[in-house]
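Each of the next two complexes has chain A plus one other chain: chain B in the first, chain C in the second.
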Partner chain A sequence: MSEALSLRLSEALTPAKIGKGVLIALVLLWSLGPIYWALNSSLMQPVDLTAVPPHAFPPAPTLKTYSGLLGLQGAADNATGASIWPHFRAATINSLVTAVAGTLGTIVVAALGGYAFARLRFPGRNIVFGLVVATLAVPGYTVIIPLYRLMIKLGLVDTYLGLTLIYMSAFLPLALWLMRSFFLSLPKSLEEAAQIDGASRLYTLFRIVLPLAMPGLIATAIVTFLSVWQQFSVPLVFSPTYATKPLTVMIPELASRHDLNFGLINAAGILAILPPFVVVVFLNRFLVQGLTAGAGK
Partner chain B sequence: MLGRGISRKLAAALATTALTTTLFCAAAAQAEEITVLLPSFGADATTRQLLEGFTKESGIEVNLQTMSWDDIRPKIVTSMVAGTAPADAIEFDWSWIGQFGAAKWFTPLDDKFDAALIKDMPTASVFTYEGKLYGVPYANDFRVNSVNMALLKKAGITEAPKTPDDILKDAKILKDKKVVDYPVSIPLAAAEGTSTAWYFLTRMYGGELFDKDWKPLFTAKDSAGYKALEWIAQGLHDGLINPAMTGLTDMQVTASFAGGNAAIDLAGHPYDLATYNDPQKSKVVGQVTYSLAAADPAKPMTIALPEAMGIPVNSKHKDAAVKFIKWWSEHQPEIYTAVSVLPTRTSALEGLAKDGKLQGGAEIAKYSAYTQAIFSQGTPAWYSEFSGAVSATINQVAKGQITVDAAVKQIADRAQSAQQQ
Partner chain C sequence: MTLSMTDSYRVRVTRRLRLTGSDAREALLGGSLVLPVIVVMGALVFFPLVMTAGQSLFRIDPMRPGTPFIGMTNYTRLFNDPEVRAATANTLWLVLLAVVLETLGGVAFALLLQSMGRARKWLLAAIILPWAIPSVVNSLMWSWMFNPTYGVINAILRGLHLISGDFVWSNNRTAALVLIALVHVWKMLPLTAVIMLAALQGIPAQLYEAAKIDGASSWRTFISVTLPLTAGPLAIAMTQSTVTAFNLFDEAWILGGASLDTRSLLIEVYMTAFQNLHMSYGMALSILVMLASLAVSSVFVLRGRGETHSE
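And now, the complex of A and B:
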């Protein structure tokens, strides 16, 4: 090894940099370790899942659990071999529909409301905003029983509309907060220039402000989508059948009282991760940009 | 003329309306539907096919809703507190009878089922609260020891252990002869299966948990409950029980046992042989047998953990739900064959065992006769708090965080505070 190379290495490997590298490795292990373990388990033969010590890699990899879940072969129903694909398909569609509907509904209201709280002057503006944001501190389970009664009365249990309304009410405060912060971070001068040119408030909002606020809107949409996607306690109560039952409620049902099919559960979990994974990977830059906007305000 | 024409038209319109209404009502009556809420058997598609048989017989459609076992109680409680029936016929676990009975959420069923049918179900008494029957058992469950005889034979042991001391003695031989590192498996996570294992061990030692006034009976050193907890601590101390059991629930212990990682599974289920004898899931095919142990081998006992179906008081289809539960009770053997729900009727169990259709049939039929309710006084309303305290405390003992003396005191204190609340 040349002297110059060893000098460069010693410059590169400072204790601070090594410490940083170790920390990053630990964080990655902490975050990705469980996902790897789920993937590893999903690819194992059932009989290899209980080995002691456990296998770090599948000794005889199989895609049987995935093919069963996706209906490519009929044998995945734990006890009998009947296909579980119809339920998995229904739950996936339900998760997607409720996540998309909840997200769209939330960002539409959050965009309009956030702009109003940021730019319009009306009596009690800050108090109303403070009250809306304060609802973030209310634990969901404290309102679930009155909400259930209300939904029964309205005939909205086990409907997409009912779930969407619940998700909108649950995630709107955070979305409003994010959108207001984003609008406050935008320069007022553009809006004032448009108004001097005769543009109405709505025209200014839709044609000038919202295009500029797109990173904030996308960030808010991602946060809302991820929050709705992982919902469990709400659909547990409000989605009794496969008309609306999502993956989060369906997957635990794969663990029956008599049988614990780790492989099938992990395969379903891995597939359930994919939609949010795709959303975050492709829209990550908007997420960072949108969430950091207004941070200095 | 005009008036007569109008009258005729009016009469014709009224007759048409009446006929349409009648036909509509008849159609509606034919299409009566009930909702049934049960835990998933892991075979929902097959269960739905089975239920078509009920629809053919009765004309009643069944909307089957399934949930994971752990999630079903919160769903029921939320719905009932909100004043709505979560379904017309619903899951009713043995451990809920105290709480649900006190809340008067369920319809008494005494006069709706034949006495002979209920008599054929020895665990029906578990679902009685203040003299009234609130649930009809549909899924049998009790505790047995699963013993891997192939491993025992490797250590020169020829018969399953008959007493709790024998279990530890045999385990020591297995360990010393290096047949298996940790010969005994038992769930020790802070979960219900751990509490159940302790109740089962207490019964093995021939004792009760409470006296008739709900005073704890497990605090004295010579009590069955104390000995049961001491047995667990001893097994861990001697390296006979894997310390990793502190993170495993009963179903996870079953999966681990199927991997051949232990020789004796304490507090196994009477349906585990289906897993152990499935070559897709098990490395111990044909090696496992069920057994019971007792401090006095002449008096073997086990605990009943059945599940029933009940009908909420605010169900709108009570009669149809009764018909459904009757149908299920009468078809228990076919249901077992299709989706492995162990019958609660003695006659059904005996019939299956006789026909060779029940895995471990002879033992199951024999041991089910030894089942007793965990609480001879009836499951108390404060059971869930007590059970949570038991499993958390045993988990602490297993991790070496507290002594057995401190543990029994802690469980007794929590039981008494739960009663006062």
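And now, the complex of A and C:
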């Protein structure tokens, strides 16, 4: 009995398998280590943060930093935290509103345009598509100076509408590319059958093609949402106040205050990565699909 | 393949035989569906782009009176600007480090993922997570880990007796650039890994079986089977690595700010235009950055166009 067990163990633990286990551990350390370290630091008492050598676990875990950030404690308890909450709340709302609006605007335009680029013949199709996709390589700052003047003229600086439009222009090329490749990967026969039955092109698009392309649409929405959520250089210029300033611009400002609090910065960072974390854990399949289709299948 | 080609040919023929107005209606519908794309991209990308190109030939500087036409002066001045040269050198170093590390690491990660069974899904989620994290947050997390006194990295290096005392990473140009590259690679490597994993999964298993029967070593199999069959996706992955690193802003700004030691080309554009208000000079620089970026990514565009034509 025990002989058989040890035989099985020695079979299981070949050098190749041990090596692979070590590799997996290293990959996990590289990918999750920095996130763990931020979480670890965010749960420490301020005095434990400055221990040398640093603690691998919080010696006295506390949620104080979070409750300060989220305004859950009295002003007397933590003056720094309590004054941060209104800004943190505004920045969180701004991040969510611009990410959702930018994503919706982008995928609606990209779904319709992507279908036209994939299936319909019209003059200038290839040129327009080529030009739009080429802007993937145009750095944002190449257009930002005239864009800034344009937005000032239209009164759209520091407004949700202005940011949403800029994000649409920034992320449409990738979204169009993705949607077009998803449409191209669908079998044409269904659409052709519907047309032979006398269905109009638009009916076919909304009732047959879009439902089939739903995984692609979700993948495109996820990639767009995560791209807007992480934007920094655009709001750095176009969101000067808390009317639209997102978390990505607010959190580094915490770091440049004189009362530098690493626990606070780490806690704010952990809260800012919650939405992406949820997406990666629960919608991973769609995300991978979007990323690989983006590579130009 | 042949079947679908004859199919679509037949459809085209029947379509032509049908209503003469059908092509016109299709073109009208196509145009209408694409119209929002044209409006958004035209107003917010192409119009500003043309403005940038045009205005870069004038002197636009709120600190100086008038906006005279100065031709290529902005461009010729750029080539002798020590700040621009420093930023170009920094950017090229960042691109080199990023492309090499992302490609080697991404391929290694993809091979490891490919060799896994049921747990692949979970390892893949863990690997992708850094890509989804805002680069600003990611930079702040790393700058805390690299804190000279309290950071975990220096504590480990001290424990290994590789450094003594507080090594200040930002005080040393090489170390600071390596740190920025590392933070950028941490975020972008997952994309290469995912692209390469998809490419690996597309290789027919029979090819590996054949190589095994022929007695090829695993290294030989990698060189003769895996690499040639994934060359296309690898080129795409390297192109996007290059373009992303070329346009690096967030990580260098958070970790190095305006420091000339680590200033990237896009930070130089931002400083020139929005901090020093030399508007048209910044525009000229951004046009050059764009041309370089476009040249590199022509692989992307050519592939896209090739696909459109073959269709």
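Assume the second predicted complex is superposed on the first by the 253 of 297 C-alpha atoms of A that agree within 3 Å, B and C clash if a C-alpha of one lies under 4 Å from a C-alpha of the other, contacts with A are read in each partner's own complex, and residues count from 1 in each chain.
In this section, a contact is a pair of C-beta atoms (placed from the backbone, for glycine too) under 8 Å apart; a residue touches a chain by one contact, two chains touch by 3 or more.
As the structure is a prediction and not an experimental result, all values here were calculated from the model.
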| task | Could you tell me whether chain B and chain C fit or clash when both sit on chain A in the superposition? | result | clash
| task | Figure out whether A:190 sits in contact with chain B (first) or chain C (second), or with both, or with neither. | result | neither
| request: Quick one: classify A:52 as touching chain B (first), chain C (second), both or neither. | output: both
| task | Please indicate which partner A:237 is in contact with in the superposed arrangement: first for chain B, second for chain C, both, or neither. | result | both
| query | What is the contact status of A:142 with respect to chain B (first) and chain C (second): first, second, both, or neither? | reply | second
| task | Please work out whether A:252 is in contact with chain B alone, chain C alone, both, or neither, and reply first, second, both or neither. | result | both
| Most chain A residues touched (candidates chain B, chain C) | C
| field | First (chain B), second (chain C), both or neither touched by A:260 | value | first
| task | Figure out whether A:87 sits in contact with chain B (first) or chain C (second), or with both, or with neither. | result | first
| What is the contact status of A:13 with respect to chain B (first) and chain C (second): first, second, both, or neither? | neither
| field | Stretch in clash, chain C with chain B, out of 165-173, 201-209 or 291-299 | value | 165-173
| query | In the superposed view, which residues of chain A touch chain B and also chain C? | reply | 49-52, 144-146, 233, 237, 249, 252, 255, 262
| request: Over in the complex, which chain B residues touch chain A? Could you list them? | output: 35, 37, 39-46, 49, 63, 65-71, 74-75, 78-79, 81-84, 86-87, 139, 181, 251-252, 254-256, 258-259, 261, 269, 271, 274-275, 279-283, 338-340
| field | Residues of chain A that touch chain B when the two form their complex | value | 45-47, 49-52, 77-80, 82-84, 86-87, 144-146, 148-149, 152, 233, 236-237, 240-241, 249, 252-262
| field | Residues of chain A that touch chain C when the two form their complex | value | 20, 23-24, 27-28, 30-32, 34-35, 37-38, 41, 49-54, 109-110, 112-113, 115-117, 120-123, 125-126, 128-147, 150, 165-166, 168-169, 172-173, 176-177, 184, 188-189, 192, 201-202, 226, 229-230, 232-233, 237, 247-249, 251-252, 255, 262, 265-266, 269, 272-273, 276-277, 279-281, 284, 287-288, 291-292, 295-297
| note | Per the touch rule above, chain C residues touching chain A in the complex are 4, 7-8, 11, 23, 26-31, 33-34, 36-38, 40-41, 43-49, 51-52, 55, 109, 112, 115-116, 121, 123-138, 140-145, 147, 149-152, 155, 158-159, 186, 190-191, 194-195, 197-198, 233, 236-237, 240, 243, 246-247, 249-250, 253-254, 266, 269-270, 273-274, 279, 282-283, 286-287, 289-290, 293-294, 296-297, 300-301, 303-305, 307-309, 311
